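Below, each structure is written out as structure tokens.
Each of the next two complexes has chain A plus one other chain: chain B in the first, chain C in the second.
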Partner chain A sequence: MTGDGLLRQAPRLTLILLTLPVAAGFLGTLMPAFWHDARGFHALWAWNGLPRALGLSLSTGVMATAGSLLITLIIVAGLYGSRGFSVIQHLLAPLLSVPHAAAALGLAFLISPSGWIARLFSPWATGWQVPPDLLILNDPWGLSLTFGLIAKEVPFLLLMAIAALPQTDAQRRLLAAQSLGAGRVSGFIVAVLPALYAQLRLPVYAVLAYSMTAVDMAMILGPTLPHTLSVQIVIWMMDPTLSHQSTAAAAALVQLLTVLGALLLWRLAETLLHRLLIGRAEAGLRAPWADGIARRIGAALGLFLAGALFLALGGMALWSVAGLWGFPDPLPESLTLKTWTRSAPDLIESGEMTLRIALLATLAALMLVLACLEAEHRFGLVPGARALWILYLPLLVPQVAFLPGVQVVLLRAGADGTWLAVAAAHLIFVLPYVFLSLAPAFRAWDPRIALAGAALGAPPWTVFVRLRLPMLLRPILTAGAVGIAVSIGQYLPSLLIGGGRIETLTTEAVALSSGGNRRLIGAYALLQMLMPAMCFGLALMVPALAFRNRHGLRVAA
Partner chain B sequence: MFRRQFMLIAASGCAQMAFGHGALAQSNDWSAILEEAKGQTVYWHAWGGDPKINDFIAWVGDQARERYGVTLEHVKLSSTADAVARVLAERDAGTLSGGAVDMIWINGENFAAMKAQGLLFGPFAEGLPNWVMVDVAGKPAVVTDFTLPTEGFESPWAMAQLVFEYDTARLPEPPRSLGALKDWIAANPGRFTHPQPPDYIGTTFLKQIAYGTLADPSVLQQPVDDASYAATVAPMWAFLDDVTPNLWRSGKAYPSNEPAMGQLLADGEVDISFAFNPGRASAEIAAGNLADTVRTFTLEGGTIGNASFVAIPFNAAHQAGAQLIANLILDPAVQARAQDPNILGFQTVLNISSLSADDQARFAALDLGVATLTPAEIGPALLEPHASWMVRIGQDWIERYGVAQ
Partner chain C sequence: MSGILQLDHLRVSHKGTALVDLNLSVAPGTVLTIMGPSGSGKSTALAAIMGTLPREFDREGRIALEGRDITDLAPHLRRVGLLFQDDILFPHLSVGGNLAFAIPPITKGRAARQSLVEEALASAGLAGFAGRDPATLSGGQRARVALMRTLLARPCALLLDEPFSRLDADLRTQVRGFVFDRIRSAGLAAVLVTHDLEDARAAGGPVVTPLGKVLAAP
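== the complex of A and B ==
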């Protein structure tokens, strides 16, 4: 059957779709590093900020990833199945959908010496009539940046964990461990964590690669003397004299190798911790005392991070209607809708464009991913390590290391500057996230259900459409929401591939953020957040409605 | 050299003819341009970080549609270099016509880079009908962009001059010379900073220090001389070495650009800020973003001034429409609107005395705002140094201060 033939080719087609642009763009972007006797490398080695910049990328990336993973696991271990957990679950959607740049700007206003926290306590508690000269933002150790990254990555990892948990048979495993005398937390660590982490591994790697190469967040919260390497690469690439392209290319290559090195180290650490865990389990880890602590710490951390993000966004929302608002006033002197009325036409126009691109890219990604996974299942294909790496390519290769090359390729084809081209470029980044988010659930689906269906005479397509899709509605919608959020947050692809003609909320917000106008940034940030938040809300609500009388399909909570 | 003079002569001759009754070749060309531009959509790539500028550009777009049937699309950039890189990528890809960028808000090194690489359309500026009103004699910066002659490859649209801003509520009397500023910084640690070089305004501040400390500032008009460079700029670094420990955050962090520094003034984190737009403070006060106690001042001996330009890429799809917009921006009504502090507060590039009585009245009617210095008060505008100084000083700053100790 031709349908079957096409389906069989789906994984190959998808891999080509990911490899081709990345490889072509990668070559086009990195080649300049080797021009003129590798002048770029000489310039890079001669830069006195390189060791610190590289160290910062590594330290902030690893700290942010380890921190987010630890916090995610504490929350899951301490609160899974409790009332607090479902509260956190409902907070996830709006938190996840906050674009990194918006969150960073909000956090910056929250924690800076002239920020909201300082204003709330000044001068009555602090005695500050003018803001103190304290190095909190842009600190040379990258702590503000790490904090910002953690605040943004914990919601992502939590969402991935929640999507994976039903597939790990967590409840029964926990029950078994507890019946052997283990505490909640130790039971979770010994019985659930190994299965959960196996499914969380890919998202964790994506978080590590992202955190090490984040540009927008690092520009706002990160150190500036020197910048992190990824920010410096963008500065070199954008240099108006066009004389640092080769340095930027060389640095992009170094950045890539550092990310690969960090991933290897992480893998090594996984193995070590796994051994340690087995040792503890065999020694009879029970530790019932840990339960209360984990529950309290988990709740506190969850509340703290959610609170910080909500306050940050609240601050930005308030700025969008603020009149004059000087230090140390805790609230603006006056409120005005001037910012909103003045920018309403722009907001509507770019909002509509943003949504159109996000929907198309996500829909295409979902169809491709479902086709791949169904082909994998039906023809017994086993994705090799190579396929996995290819899937990872767009998430591991810093965007600045291959997008300029993609732009040149699209220009040659005369296909740039249209919203379709931008949506196609978004697909490269949306697809891996959709795959990472959907594959674990899809693969963990019990194949005996398909067998039962077949035994009742249903052809494979009927099994897919009538059994698999409905049963996997929740992870599919979640993956779709993730895809939309990823698309809405894209900056460089929209700017470069759109030729500046395609205005999305994010390109507008980042352009504005260089001007530091908190009022207008606040308006854009709010809208940027609301749009994906509604998608996540739908992803949680639709299954709850559809399955209100299907007990077995509810989230085990 | 000959070529350049020839073009200047030819172009100014044409412009005069266009305005005279004869209306010969150039006028015919211009009506052809008007005809060709009708119905075109011009993509103007301009920095989009300031809503007031964005609103102004949108208003220019309304004018273009009403008067000429030309649609103007503002492509909002976070950095002008994005547009330069875009045109470069198009050339590399072989897009020799029909390019995405029709017009760029440009000056300085971006212009120098594009001109040197042959990425610009022109010369066109001196052929614009409104060119005759431009104040070439009084504002030499309109034809000299960082010592580089513009040769008609870009058309000016606004003048800028470095002015310092301070809040009288916290600082009654500002330091009005470089020496006084140095003493003030020492006496008030943590209350002054500058954007981080190689940011444009940050490097401009370094150049301002160079003007005030170099034994012979006239060398700044020549390209950097490698042999004498270190000795020449030593007094500038000595000044910076002295003040850096007493800067905001002890010089361990800097604001990224002018608006970020302006926000620091608004937040009360610093007491003195500076901007390239003399009307910025008044405009921000009018918009309710800055306390109405903020005033401006310049340094004795003058501050650096330059012009903003628009240029048209060699492969722009809508070159006729772009020239029409470049001409429209030089219209007295548009220039007067740009100078209105409630709109933009930009200084005009026109010679006011050359305008008709009605147009002169437009400018006379403007209330420049509480914080804006009058042309008499603002003091001399120093010419921008050669672009090579900007690059060199920026690089050296990074080497000296770019890795916090």
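== the complex of A and C ==
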């Protein structure tokens, strides 16, 4: 096959690369459920915790998604185009780069009975001299987990909304609605929201599927008696006696069906709300009073969530260097690097492994995404809605419903437990995010530049390497940083495909979370958070340095 | 690097509607002007010559340059230069870098390429500008760099897609004179697309509509 032929096939190959492991893994995961007269299902039905675990997955997932979406929309409706909105926009990158597990650990430090919040109000306001016996973390209703999920998913949905807004012609639609007498919020709801939500639909579905099935966050913040269903599935799957494999498989199928059911119900709710919205629009919705409220609530929610995350991460950093820090002292008595020096060999080893996996997965994802986008440009390919759904497939199908099957396939091939296999598994999750991050900038690149290059005699490859790549350096590096952050945050693929032999910062941090060594947890979680943050920093710094004397590019980038 | 550009019954249509119908030759050093209102097919004619016509257009006829049939060649193999409405200087390269990009790889050696760049800049009154950021140049300077870059690629023909339309009146006359002088001295067959009568007059060549109706003879 020629280079051009191979490039033309790149989108198809990439979609196969996404579909195949999900489909094969799905079959491999679920088959054990039907072995031995569906023993797995019998065992699952006999488990007392099933209704509660299932209910928790559903309630935390739906509440987290609805809450995240509502907060995102309030922020956008109330603040879009304002100075506050641009402040929030600037806070997004650091917040997005925080892995789920690190955010959960940080929030646990903040809201636990011995956490920072309790310390700040003790003993002067609460009278507590010792940590109170309150079940704040791991509460049986999953409220802490829901809060943690919301804190992590709002930045993601906001980023998706910001990317989608220009495509919805939001400014002009809003202006048109306001010129007809609508308030800012009602104008947004009537004129912008339908188009915006059409663009947000798949990210929202991904958030719903993730929130219902998150494992790492649920292990740290979620209920324990019983766990959410996804956590229970992992516990069964990791059982060394292998006696619960079929139960886990049956539960994975139930989990998948629950997610599908929730997605269908969500779709139904969308239709009902859409009708309601049309009815309100036709009734002449104006509601100017809502503008000030939305602005204030939007700003408050944005600041609250960002503040909670930053405070949580700050607390974690402080714990990693804390000497003696008794309750209810708000600050440690002394600072020491003892934790860091004592655990340096382990931290370096896990950190190096984490980075190696992240770099390989991200590099592969970048090459595939660039090939797909270049093929799209060069051969005039137009990706359809089906391609977008396939791109989102690994984010929509619960990880517990297909990763164990992938593990079995790799086990049979003798490839499990290696860092290369883990990187390959990470690629499935890194690729969609790298694509979503890079595609808008790649597609927005002025096609006349390629034409100018061709008119000067440069073949397409030269145009790609010497013009397009350097001019898109900043979005490419940012997409790379996104990919690295996604890879670093992966828990289940590292745990299952690594077969417990590959220790990444995330698997270690989650493993440590059940113990009480806050200093060590702090060190792991901080490193887990610093790595992607440094990558985002480099993604900003390298192009700024490389093109410090290129004013036009600064504007273009 | 001069040659005759022949448009041999070049017809382009879209969903059955004829947009371009040209059967003519452009001699070296001559500027053919294609005039017409927006949407009349001027840019479609250029796209057909350049080889960038979108798939939904139907094309018939042949295009030859220096006797070489270029109808089905990829744009970068046609040796047809193009000047846009905007200068489209590459913002990540210096002025010298932009010019060096255009020099065909056959010219080997850093010194030889550098010398061609310096020579081109000097001839455009921009000596010493090689290291400059294109974003710091004035409109007129940018237009001159864009033309010199195009000429350094040694095209056999040149297409001008309303290259003066965004310049103010004074600059327009000055840049137009510079471009047409270069075309004549290089003996290039050129095709100018415009809806400005002044541009067409200054070009001095035949003026036709995209459908081949002659509006003015040279």
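Note that the second predicted complex is superposed on the first by the 397 of 557 C-alpha atoms of A that agree within 3 Å, B and C clash if a C-alpha of one lies under 4 Å from a C-alpha of the other, contacts with A are read in each partner's own complex, and residues count from 1 in each chain.
We adopt the following convention: a contact is a pair of C-beta atoms (placed from the backbone, for glycine too) under 8 Å apart; a residue touches a chain by one contact, two chains touch by 3 or more.
Since we're looking at a predicted model, the values are computed, not measured.
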Query raised in the report: More residues of chain A in touch with chain C or with chain B?
Result: B
Report task. Examine A:90 and indicate which partner it touches, taking first as chain B and second as chain C; both and neither are also allowed. Result -> neither
Query raised in the report: Taking the superposition as given, does A:267 touch the first partner, chain B, the second, chain C, both, or neither?
Result: neither
Requested in this report: Determine, under the contact definition given at the top, whether A:451 touches first (chain B), second (chain C), both, or neither.
Outcome: second
Query raised in the report: Which partner does A:296 reach: the first (chain B), the second (chain C), both, or neither?
Result: neither
Query raised in the report: Can A:471 be said to touch chain B (first), chain C (second), both, or neither?
Result: second
Query raised in the report: Is A:138 touching the first partner chain B, the second partner chain C, both, or neither of them?
Result: first
Report task. Scan A:12 for contacts with chain B and chain C and give back first, second, both or neither. Result -> neither
Report summary line: The residues of chain C that touch chain A in their complex are 50, 52, 54-55, 74-77, 79-82, 84, 86, 88-92, 101-102, 104, 133-136, 149-150, 153-155, 159
Requested in this report: Spell out the part of chain A that touches chain B in their complex, as residue ranges.
Outcome: 48-49, 52, 112-114, 130-131, 133, 135, 137-140, 219, 223-226, 237-242, 323-324, 326-328, 334, 336, 339, 342-343, 404, 407-408, 411-412, 416-417, 495, 499-501, 503, 507-508, 510-520
Report summary line: The answer for chain A against chain C in the complex is residues 380, 446, 448-449, 451-460, 466-467, 470-471, 547, 549-553, 555-556
Query raised in the report: Tell me, which parts of chain B touch chain A in their complex?
Result: 43, 45, 47-51, 55, 73, 75-86, 88-90, 92-95, 100-101, 108-110, 112-113, 117, 170, 189-191, 196, 198, 248-250, 252-254, 256-257, 259-260, 262-264, 266-269, 288-291, 391, 398-399, 401-404
